[in-house]
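Per-chain numbering from 1; labels A, B and C assigned in written order.
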Amino acid sequence: MGRNSVIQARRMIYADYTSSTPVLQEVKQEMLPYFDEFYANPSNLHDFALKARRAVEGAREKVAQLLGASSEEIIFTSGGAEANNLAIKGVIQANKARGRHVVVSAVEHYSIMHPLQSLAREGVQFTRVGVDEHGRVNVEELEKAIRDDTILISVQHANHEVGTLQPIKEIAEIAEERGITFHCDGVSAAGAVPAKVEELGVDIYTLSAHRFYGPKGVGALYLARGVRLLPLIEGGIQERGYRAGTENVAGIVGMGKAAELAEREMSQRLEKLRTLRSRFIEALHREVPEAKINGHPSEVNPMYVHVSVPGVEGEAVVAELSSRGIYITSGSPCMARAAKASHVLAAMGLSQELIRGAMLFSFGIPTSEADVARVAQEAGEVINRLRER
Amino acid sequence: MRRVYLDYASTTPVDERVVEAMLPYFTEKYGNPTSFYSFGQEAKAAVEEARAKVAELINASSEEIIFTSGGTEACNLAIKGFALKNKNKGKHIVVSKIEHFAVLEACRWLEKQGFEVSYLDVDEYGLVKPETLEGAIKSDTILAIINHANNEIGTIEPIKELAEVAQDKGVAFFSDACISNGQVEIDVEELGVDLLAMSAHKMYGPKGIGALFVARGTRLEPMFHGGGQERKLRSGTENVPGIVGFGKAAEIAKKEMKGEAERLTKLRDELIKEVLKIPRTRLNGHPKQRLPGNANFAFAFIEGEGLILELDFEGISASTGSACSSPTLEPSHVLTAIGLSHAEAHGSLRVTLGRFSTREDVQRLLEVLPRVVKRLRDISPFKDSFEDYVEGTEWKGGEHCHV
Amino acid sequence: MYSKILIDHFRNPRNMGRMENPDGVGKVGNPACGDVMYIYIKVGKNEKGEEIIEDIKFETFGCAAAIGTSSMVTELAKGKTLEEAAKISKEDVADAVGGLPPIKMHCSLLASDGLKAAIEDYKKKKAGKGDVSEG
């Protein structure tokens, strides 16, 4: 028993639930039989395949319920990125004859922006609509950006970096009035905050299972009846022809269970996270009074606490906390790899100093109040020490 | 009733050892591999270890392996991605007529985008002759596509010779090896292919994960853009447990493939010998040059769906043609390409053996099959030929049929 | 996918087999499409003197739905007058087997068409015989 065991005794704290969440035990248990017991290919004729087919359809029903949709409106994909690509490219390909212009917010995820940039080489045009200092889309500006040849509006439900919830209903009304398909990337919202498609008024909505305690490698697209879309992956009649490929049965079952639990426990989870969020902010402010909380103060997914501290490097704080067994991020994980400055924070008008000093804490179901207190205290320590240098 | 699963070509159970390897990545090591910190890097390391194992199985290097959500995506990425990226060099593609729908549909998509596609004939066994390929290649041909083995009839193509023809003409070569990888040895170096598609759930790994081998220097346009994962060729958070499972499945296959292939070949040959004793029965595909676990038959005068159901009542799972093709009510394009009439193609049965198949399984099939075939033949109006139909029968009620 | 009734008719087909010297034969379908039905009838008379289907048999090349609906149509037709039997529709057959998946609906059409074809064949032969006797 040396010093090592003392260090190990300090439990690691994961505070990066917006990068990925653990699969809940109940979800995992539900998935297990579909690996080596009910492993048939759902497309097959024999009776053994029926079990797999029913499992997929049961999961579809649960995901539909989470969104208040009907199950024929749910298409399973390999994740949020594929679903976003399918929505963007699929709508554009299906509506080529009507127009080639797309309106998006300036703070969308890369899986929205990059497909658009790639399509721009083929003549697709897009307009980026600005956001206010909280990251909320300017609806008037969005309305003005619409052209006669606009075929698609795509605005996220919650921002992937700061958690700000967008005025989806207002945008949906405009889209409906103008007869334009409205896609909403709900990867950073679905399963965490209420997302009933009828109420939101969206035509297409993206979800990712691993963001609400389901497995990685599975996502879904809600596609309202009558919305036209061409597939990206062809070669089979699975998912009503919108997405070919043998169904990831275990993954889909996991997503269904995660959706069921999210629907059932949403209000408790939200209450807990709101409490954790305010406790954390209070505690952090005691340590670092000048820490600026980014994103909308109330219209926010409460998993997110996005912070900027002037005079420190967010990256340095992340690294230092990591060595203490506390895992947070300095931005979206994809951005971390790209090592680029955040286009989200720039669009919100943050100064270069605040962008450099940005870090994201996020909490989840397993997080305790003690965890939050320790994260705030150690983050305060790290920040203050780094600023002394 | 004990279930006798004889449909390994549709999908395989996940090997227990693979499930074991995957489990920690659901609930414990759940970090996002893209995260910088150690917890994310642990997931990243697991992904890279799996990549090395998948690469090793086909004698590739790790950087040449791109993980996808499965074989269908891998085929789509290979074909669309290659064609779109290289369209300045030419817009002609050659492909065999017996490919999986994932390949054929991707080719049809390219036709809609202004590419020209030539479909290559196969011989009675399903083999593509090198001279057929050579004859189809034109000055603007950019890609040749031939499956490593056929998923319905099991015929293994002479990929090395075919790839050589393509290489001589400066044409890239893609082979769909979803059904054969892990069953028979594949060495991309020796075969000389530029692109090769793989699927985990056909080799005792999980569904929802596959991979594309992309030889160094081969350039593709991605289908999904976004976070830039998989060397920017395939964006999206990595399916860590799925990838780890695929890696484990590849590792097991590497170790056990040879012995397993010998065992299954023996079992399969016994099965074929016995089934061919049923009158008016033919074996589809090559008698020798075929996947170890694959047997495909055509029973004259009966229809495959009834056969599958009858076997199912006896607890035996088998398949008729490609699983994906059955709901369309179309006869298998593979069987018609090797020369079966549509009527004959309807009476096909695919039996595929795998890692957990036993001699008892085969015996159970042999006990049930002759009886079932006889019962359905008793119901059929055709006893000696389909000729009777031709005389004096009005053609009615066939609107679903696109013959 | 299939109802219990259909499965029962597939596994235990009624009136299955070839009929020697039938009064009428209906042959419908196409082996290339995967379904062919032969319906054989023997015609008799009831106490009112109306022509009825006294005996009926079928042979079918096709899927479980084709075999099951063939069997069902023979049960529905047996003992009926020719007029009643000719009115059996594809919906009647589909309902009687407890419904069919949409993609298999053509199978019930084929069964009712086969029966109609057998009745027509009988009438044609009878009319032919009549011509001979008159001439």
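Assorted remarks:
Going forward, a residue touches a chain if its C-beta (ideal position, glycine included) is under 8 Å from a C-beta of that chain, and two chains touch if they have at least 3 such contacts.
From a predicted model like this one, the values you see are computed outputs, not experimental measurements.
Chain-to-chain contact here is organised linearly: an open path runs through the chains from one end to the other.
Of all the chains shown, the one with its CA centroid nearest the global CA centroid is B.
Averaged C-alpha coordinates put the centre of chain B at 41 Å from the centre of chain C.
Between the Cα centres of chain A and chain C there is a gap of 59 Å. Chain A and chain B have Cα centroids lying 34 Å from one another.
Across the assembly, chain C contributes no residue that touches 2 or more other chains. Multi-chain contact residues of chain A, defined as those touching 2 or more other chains: 45.
Residues of chain B in contact with at least two other chains: 305, 309, 327.
Interface residues of chain C facing chain B in the complex, by the touch rule stated above, are 7, 10-11, 13, 16-18, 27-38, 59-64, 66-67, 103, 106, 109-110, 113-114, 117.
Those residues of chain B that touch chain A in the complex are listed here as 3, 5, 7, 10-16, 18-19, 22-23, 26-28, 30-32, 34-40, 68-73, 75-76, 100-106, 108-109, 199, 201, 206-209, 221-229, 235-242, 305, 308-309, 311-312, 317-320, 323-324, 326-328.
Against chain C, in their complex, chain B makes its touches with residues 301-303, 305-306, 309, 313, 327, 329, 331, 341-343, 346, 378-382, 386, 389, 392-401, 403. Chain contact summary for the complex, chain A toward chain B: residues 12, 14, 16, 19-25, 27-28, 31-32, 35-37, 39-41, 43-49, 77-82, 84-85, 109-112, 114-115, 117-118, 208, 210, 215-218, 232-238, 244-251, 318-319, 321-322, 327-329, 333-334, 336-338.
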